[in-house]
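The same chain A turns up in both complexes below, where it pairs with chain B and then with chain C.
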Partner chain A sequence: MLLAVLFSNSEGNILIERFHGVPSEERLHWRSFLVKLGADNLKGAKNEELFVASHKSVYIVYTILGDVCIYVVGKDEYDELALAEVIFAITSAVKDVCSKPPTERIFLDKYGRICLCLDEIVWKGMLENTDKDRVKRLIRLKPPTDV
Partner chain B sequence: MASGQDSAGTTLMDLITSHPSEVAAASTSSNSPAPSSTLGKPTTMERKPKRASLMQIQNDTIAVAKALNPVKAIPQRQNRKPVSYAQLARSIHELAATSDQKASQRQLLHHVFPKLAVYNSVDPSLAPSLLMLHQQCEDRNILRYVYYYLARILSDSDAHGLSPGGGIPTPNWDALAGIDAVGGVTRADVVPRILGQLTSEASNADVEFHAQRLAALKALTSVSASDSDVVAKLYEIVFDILEKVGDTKQKRKKGIFGKQGGDKESSIRSNLQYAAISALRRLPLDPGNPAFLHRAIQGVSFADPIGVRHALAIISDIATRDSYSVAMALGKLAQPGGALVDVLHLHDVLARISLARLCHTLSRARSLDERPDIKSQFASILYQLLLDPSDRVCFEAILCILGKFDNTERTEERAAGWIRLTREILKLPEAPSISSKDNTQSRDALPPKPKNDKPGLKSKRPQPLFKLAMRRLESSFRSFSRPVLHAAARVVQEMGKSRAAAYALGVAGIDEGSQLYTYSDNAESIDSDLNNGSQTEASRKALSLSNGHGGKDTIAGLLGSLLEVVRTTVACECVYVRAMVIKALIWMQNPHESFEELKDIIACELSDPAWPSALLNEVLLTLHARFKATPGMAVTLLEIARIFATKAPGKIDADVLQLLWKTCLVGAGPDGKHTALEAVTIVLDLPPPQPGSMSGLTSVDRVSASDPKSALALQRLVQAAVWFLGENANYAASEYAWESATPPGTALMMLDADKMVAAASSRNPTLAGALTRLQRCAFSGSWEVRIVAAQALITIAIRSGEPYRLQIYEFLHALAQGGVQTQFSELQLSNGEDQGASGTGLGSLISPMLNVLDEMYRAQDDLIRDMRNHDNNKQEWTDEELKQLYETHEKLLDLVSLFCFVP
Partner chain C sequence: MAQPLVKKDDDRDDEAEYSPFLGIEKGAVLQEARVFHDPQLDARRCSQVITKLLYLLNQGETFTKVEATEVFFAVTKLFQSKDTGLRRMVYLIIKELSPSNDEVIIVTSSLMKDMNSKTDMYRANAIRVLCRITDGTLLTQIERYLKQAIVDKNPVVASAALVSGVHLLQTNPEIVKRWSNEVQEAVQSRAALVQFHALALLHQIRQNDRLAVSKLVTSLTKGSVRSPLAQCLLIRYTSQVIRETSNAQSGERPFFDYLESCLRHKAEMVIFEAARAITELSGVTNRELTPAITVLQLFLSSSKPVLRFAAVRTLNKVAMTHPLAVTNCNIDMESLISDQNRSIATLAITTLLKTGNESSVDRLMKQITNFMSDIADEFKIVVVEAIRSLCLKFPLKYRSLMNFLSNILREEGGFEYKKAIVDSIVILIRDIPDAKESGLFHLCEFIEDCEFTYLSTQILHFLGNEGPKTSDPSKYIRYIYNRVILENATVRAAAVSTLAKFGALVESLKPRIFVLLRRCLFDIDDEVRDRATLYLNTLDGNGSIGETDDNVKEFLFGPLDVPLVNLETSLQNYEPSEQPFDISLVPKEVKSQPLAEKKAPGKKPAGLGAPTSNPTSTVDTYEKLLSAIPEFSSFGKLFKSSAPVELTEAETEYAVNAVKHIFDGHVVFQYSCTNTIPEQLLENVTVFVDASDAEEFSEAVSKPLRSLAYDSPGNTFVAFEKPAGVPAVGKFSNLLKFIVKEVDPSTGEADDEGVEDEYQLEDIEIVSADYMLKVGVSNFRNAWESMDPDSERVDEYGLGARESLAEAVSAVINLLGMQPCEETDVVPNNSRSHTCLLSGVFIGNVKVLVRLSFGIDGPKQVAMKLAVRSDDPEISDAIHDIVANG
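And then the complex of A and B:
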């Protein structure tokens, strides 16, 4: 189960979050836990360098892309490596939409389309589309395989 | 880093602060925002506007509420008017009405819809306009947003704005609609309409609306699974689609991702297959419904890799409940050349993970015991996944082989897993065209033919699984990727668990020193039906060839070199990776091996302040789990736990540590109890922490508590240890007053104190040692420790027989009067506290304890006197006397239970 996908800016303000199967009272903990992880480790990190953490049987993989920190949280089959796949799908879609690692401004300019991409990549707590061209087609309401 | 003055404004709020029309005008002149100078001001400059905008979030939410409740609305007084939710909503209503105009479309696409995305829920009152757009608008980009928002309205099932959307908080729309008497729209009003419109679209077979059909189906899956009517309708739609397109006549074209080529019809077919099976995966699994299995099995042959992934996930789920049906339904697909085997090369990691899990379930299924041929077929596919190019898939295969599936495996399964990994051989099924004999001959005679991919080359000769797994893990540990390191360490940990299980069950023939290929004989005798004779011969030959280079190919040799790499991974700067490595080492530690290295690693690690406390406690819990798997390691594990207590006292949860102590003590068995108690209480022998003076010392036996916080925590730990000692000393020493061999009042009591102590320690060194420690704590610790120590002493006094009780009585008596102070003065370390008039400040605490002991001794004297009288006079005990005895007993029991539990 993919429990959460979070985007924050470098100051730790949350830009986008998608939770699945996390009770609302626990979300606050996750937000602060993740943002603190990022604040402690992502300073000076390279774009798309992957970081890992775990808490009991829950895994966390996070990275930075431009000015935006991306965190994914999962359990069971979504272990560190599966989450690395998820984060790769997300970063490639974001880079595609923003045409480069985004500044915060560009990210917010493209906010709507990023939400649509995310909708195609993560669907009800599961990873769906990973190929960026396919995501690109789907957010324009074109079928996955062109007719 | 965000830059310049412009970036200061780029917050979520700025996305919506500015009226759509203004931005529309601005953005036509400059489509992309002018890039501001990258030499911008430091980021701290951005803080303030951000905080301000956080405030705005609230204002905005209020504005929404006000706008929906116009009577109380107050005009906004800001220079830059933020676009309130209400304004966005109004724009949608207006623009939806004129959606045929290009300008309206642009507005919707570039301003209104993206801004709406910022809010964490969607007002149901927008639904009518969204549905109108859904019906009338032809712009695909706009329609995509429409599906997105319709899906979000459907998924906001709790209607409290707590949907997984995130973003700027929104009010409870339904409640607002209730306040707003006229024209309030609730979810309940619009959801049936949305469902109706989407359902009819999802059932529309018109090719013109193909893409919309897929999107509608996807949006429909957002509905909550508890809505059984809608779920039933969805099943109907999905199965209806699969009925028409599920049957795949032509085989999937291999290895091409996304571009199946082919004609329009097959593309449409493939898309529908994908959409339907994807939707099915999101619906609750209905194992009783044969259509589920049937359609999922068809899904294995779908052209769309993601469709195959979902099909396999569904099958794998069903297989855990009904392995037999699944195996029968898969039938030919699982044979060489079948669609299931093709998944080995499918370009989808998650599909191959599901394949591994499915094959594991079927190869271990009890219900298939009658069909070893089928089981070995699936086992063979699982073993082939060890060669998978993706680490994720390979690791899943290793975990499955190790018997780790979910977290409910029994020890037997894990033990069998270790045996499997160390004994089984991967034999690639021969390609149907070449006979096995030719193949092996050519292999023996010639160097392997060059092939494009390395795994293919390697796989040509049979390989022991263990060797493949070890090689793979070793190479993973050389990776620079933290997730890979973390995952590899986790796999090693699971390996350790299975190995510990095998040792715990004493599975015969765990000889890690023997050459690997000797195991192939065993393995083959186990599943000899896998091989015909010639193949066995060939594989053995190949194996002995591949194992030519000496003793390194023993299990122990391979493990040793793996663990060497694992240990070096402790140097990774990521603390989570290190934690996983330590857990792996704890599990791979064998009881009979020296654990000095592990101890050093841990001691060294714990000096690093970067360790979060939650992580340290997780490692402690690993020790606990390891102990449960191997009770014989109690002492080793306690010694490791002590390092935690001394090195990082501030970060350890005393409860977790006590749990570990207790389980280890109880589990250590009669022989180990003494050592276990010693290992715990050695904490008490450590020199007290002296802030500042300890820097530079990294010895295991020195306490690191340089800051006041950890000094305090250490003290709590010492308290916990003292309490633990009092509570468990009698158990560890097997000394109980009510089981004592020597009756009270014997010659021992006539001795003076020194001789008594000597006699006592020779009789029960465990208890004597515990008493000495407690006595030291009772006057040289801080007062919190002294209190706990006095309580611990009285507990032991009450529970123990003589001479211990008397010894403690004397000690407590002296302590209460301050008399011992002179006696122990050379031991007295000043702790800077006023000791009080009683000498130790414990007088008020100790006197009731002494009273109880006085009572006990008095009752005991009375009893002895009575007994003697009765014996001398040859009297029978009268009822009255017995009653009195009973009452005395009850009274004492009441008194005693104020201090501790006695049976």
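And then the complex of A and C:
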């Protein structure tokens, strides 16, 4: 299960979050844990450089893209490799929508589109689409090119 | 070319200052959402509003039921628009709003239409939305379309249906299981993702059928699964089959060839998955392990951090069971010590510490030293623990490892980290005799500059036990006495005890220890002085406390064989007297605190003014009050006390309220009376109770109140007998009777002669709810299901015309006197139906759970379905009787 996808700005404010199967009383804990993890490690990191961590049976892969930090948390079949796929799908879709690694402003400008992309990539805790061009077409309700 | 670049930079400055959602406010956005109702829809503007709604939801904003319903209804209007961008947004916002069951019906028809649309993408999205918001009943209606969709030639539609199937399997397994044939067909699909999703669903459908899973794996491992993701799944299912069959078979491991062939797959994830599966095989041989380790070794030098992490994590696990198999990778792993990613570096180090041989320890320690300075405490703790086990493995290397530990002990670090190091040193001292002297010395150095009181006292205690047995105990005295001079009271007291231990065990040091202990007699802290006095007397040999040397040692080093809690209570209950406190009378069994308090030996019951350790609850107070009255002592345990009921109007001459105390076979009314007239003294105050409307009750005892002076409340009691365990009900009318005497306000003296008088009070009623304790359950559903279904009694009731649903719900809750669970006592405004969950304990300690379903129709007629489960089916019936008669 893909437990969480979280976007924050560089100050640690949450921009988008999606939890699946995480009880609401634990969400605050996750939020602050992830933001702290980012604050400790993402400073000065290169765009899209992947960071990995694991805690008990849960895996976390995170990265920075422009001004936006992206975290994905998974367990069981969503181990670090699967999460790397997820985060790659997310970063490439975000870059595609924003046409470059986004500043916070650009990210918020394209907020609706990004929400749609995320909806295509992750659905209720499962990875659905990975290819950015496919996602790009899907959010416009156009069938993918391989059909 | 330069021009546009400059312009872009200018733009960037503006961007930083202004967010498109600056000052966004829920109320305003909800207002804006009215554009959804426009007859001429502006698709662009609607999309913007939806984006704002999404932003609000993502920021944790919540909509009230009314707001959510309003937005939801407005959004459904947008299905009229043909704009695809807007339609996509509508799908998303419906999923986010997740409408309640009674609202879903509004969009169902629109979504069903989209589900059969010619536009493939409408179909796919409509399926996803429907499955997100639908419940079982609707599912049967759309099942036909979903089955078709699974084998749709458009992979997006097929995937949408398959993934929906995975989710729906949790809630409606029997329906999804019927799709087996279609899913099987989808597994053969040419589209990678469809294959992946279909395989996942098929496995979930069959997961409880071992034979079916085995067949599935057998057929698929032969064929060609194109999608790497599906391949990974297949590897997992294969290892599951291997695990389950390997016990039955011997010789060649089934499917191993398949796993090995996956090591040559072109996708890294498949290679890794296969390698990990092989390393996790039970009883894996070295021959089987080698190819897997080889690919993992290649991953160690991959440019992708995720691959490096995955590889080193797997190797770390292998190192626990097959350290020799991993040694080949040591060189690659050593280079990972300097990896940017600290998780990778720590894993590499701990793996190396597990696989390293005696000769490489020194080199390894040198590398780790550099690494330790720039990792976080939690990683350091892992390393310290690994070093501890390495040291125990190679005891000859204790010198360099102990040095390493003492070095890191001196560096900055938090409590947990320091504690891990101290614990490690203590373990090494205990297990490696040669390491003892140097270890103790390192600990002495550490407490010279230790900021953690807990660690200092622990080390001092340890030092007191181990130090005197070393070759030169005198060298530790300086460190210990420094604590007495420099530290806080807790550490000073611990240091005094340690000194005493040295004095007791090392005869030659005794005179010098005495000098030091005498100095402690002038300490500013009581505890330190007391300990010094105690030890001086004990060690002196003339004191009365320890007569022999053995006694002294037993006293100093022996364990305290009474629980601390009991000792504390006994000491608190001890009153200074001729008789000294006797520790042998302290109870040794561990009891709950209140009991220990009562049973404190050699001690008469605490007086009324004695302070109690815990603030007592009202029930406890009542229980104490009643048990102090001899007439009531035979009534047994108090089951419940009601809240006080006022029996007089406010601001009357006499204020009386009553508390109903329920026992198994008795009911006691406690009348608390207050005299508000300064010129009167009331004497012989009683309440005359007429129980003619309470047939099952007969008066047992009446306890009058001797006198009731102005403004000092007093209690009078009347007890009734009733059939034991029966929830008897009835009405009692009350008449206050007393003798009134005039009081001279100037002297405060009362006349000798008094006049009999009486005062009418309100009635008291004993109702069914009085026999029910409000006891909540944390998870109603679990509690309900754990109760015997045979005890369930269900019936339906018409509650007649009611003001509102909420009023009806609260009336039933009050009638039963039970605890509402999961906030189901709150009825949302304007709802037409409601379910309320109650729990409680009925007299006789019978657990009762109640599920109430209410419905209200047009003319406010309320109907209710009542389902009861309890430990005793008769009580379930009794609850129905209460409702039927209420």
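The rule is short, and it goes like this: the second predicted complex is superposed on the first by the 144 of 147 C-alpha atoms of A that agree within 3 Å, B and C clash if a C-alpha of one lies under 4 Å from a C-alpha of the other, contacts with A are read in each partner's own complex, and residues count from 1 in each chain.
By definition in this document, contacts are C-beta pairs under 8 Å (C-beta built on N, C-alpha and C of every residue); 3 or more make two chains touch, one makes a residue touch a chain.
No experiment lies behind these values; they were computed from the predicted model shown.
When the two complexes are overlaid on their common chain A, residue A:140 makes contact with chain B and with chain C alike. Within the superposed three-chain model, A:128 lies in touch with chain B and with chain C [touch as defined at top]. With both complexes superposed, B is the one of chain B and chain C in contact with more chain A residues. Look at A:92: by the touch rule set out above, it reaches neither chain B nor chain C.
By the touch criterion defined above, A:10 reaches chain B but does not reach chain C.
Of the two partner chains placed by superposition, chain B and chain C are both touched by A:103.
Counting contacts by the rule stated earlier, residues 14-17, 41, 50-54, 61, 77, 79-85, 103-106, 108-109, 111-112, 115-116, 119, 123-124, 126-129, 138-144, 146-147 of chain A appear in both its interface with chain B and its interface with chain C.
Every residue of chain B that touches chain A in the complex is listed here, in rising order: 1-3, 6-7, 10-12, 14-15, 32-33, 43, 46-47, 50, 54, 113-118, 140-141, 143-145, 147-148, 151, 162, 164-167, 207, 210-212, 214-215, 218, 221-222, 257-260, 264, 267-268, 270-271, 274, 278, 281-282, 303-304, 306, 349-350, 353, 390-392, 395-396, 406-407, 481-487, 490, 574, 576-577, 579-580, 614, 618.
By the touch criterion stated above, chain A contacts chain C in their complex at residues 14-17, 40-41, 49-54, 61, 77, 79-85, 103-106, 108-109, 111-112, 115-116, 119, 123-124, 126-130, 138-144, 146-147. Chain A contributes residues 6, 9-11, 13-20, 24, 41, 50-57, 59, 61, 67, 76-77, 79-85, 103-106, 108-113, 115-116, 119, 123-124, 126-129, 131, 133-134, 138-147 to its touches with chain B in the complex. Within the complex formed with chain A, the chain C residues making contact are 12, 15-16, 18-21, 47-48, 50-51, 54-55, 58-60, 84-85, 87-89, 92, 95, 119-122, 125, 128, 132, 153-156, 159, 163, 166-167, 191, 193, 229, 232-233, 236, 268-269, 272-273, 304-307, 309-310, 313, 341-344, 376.
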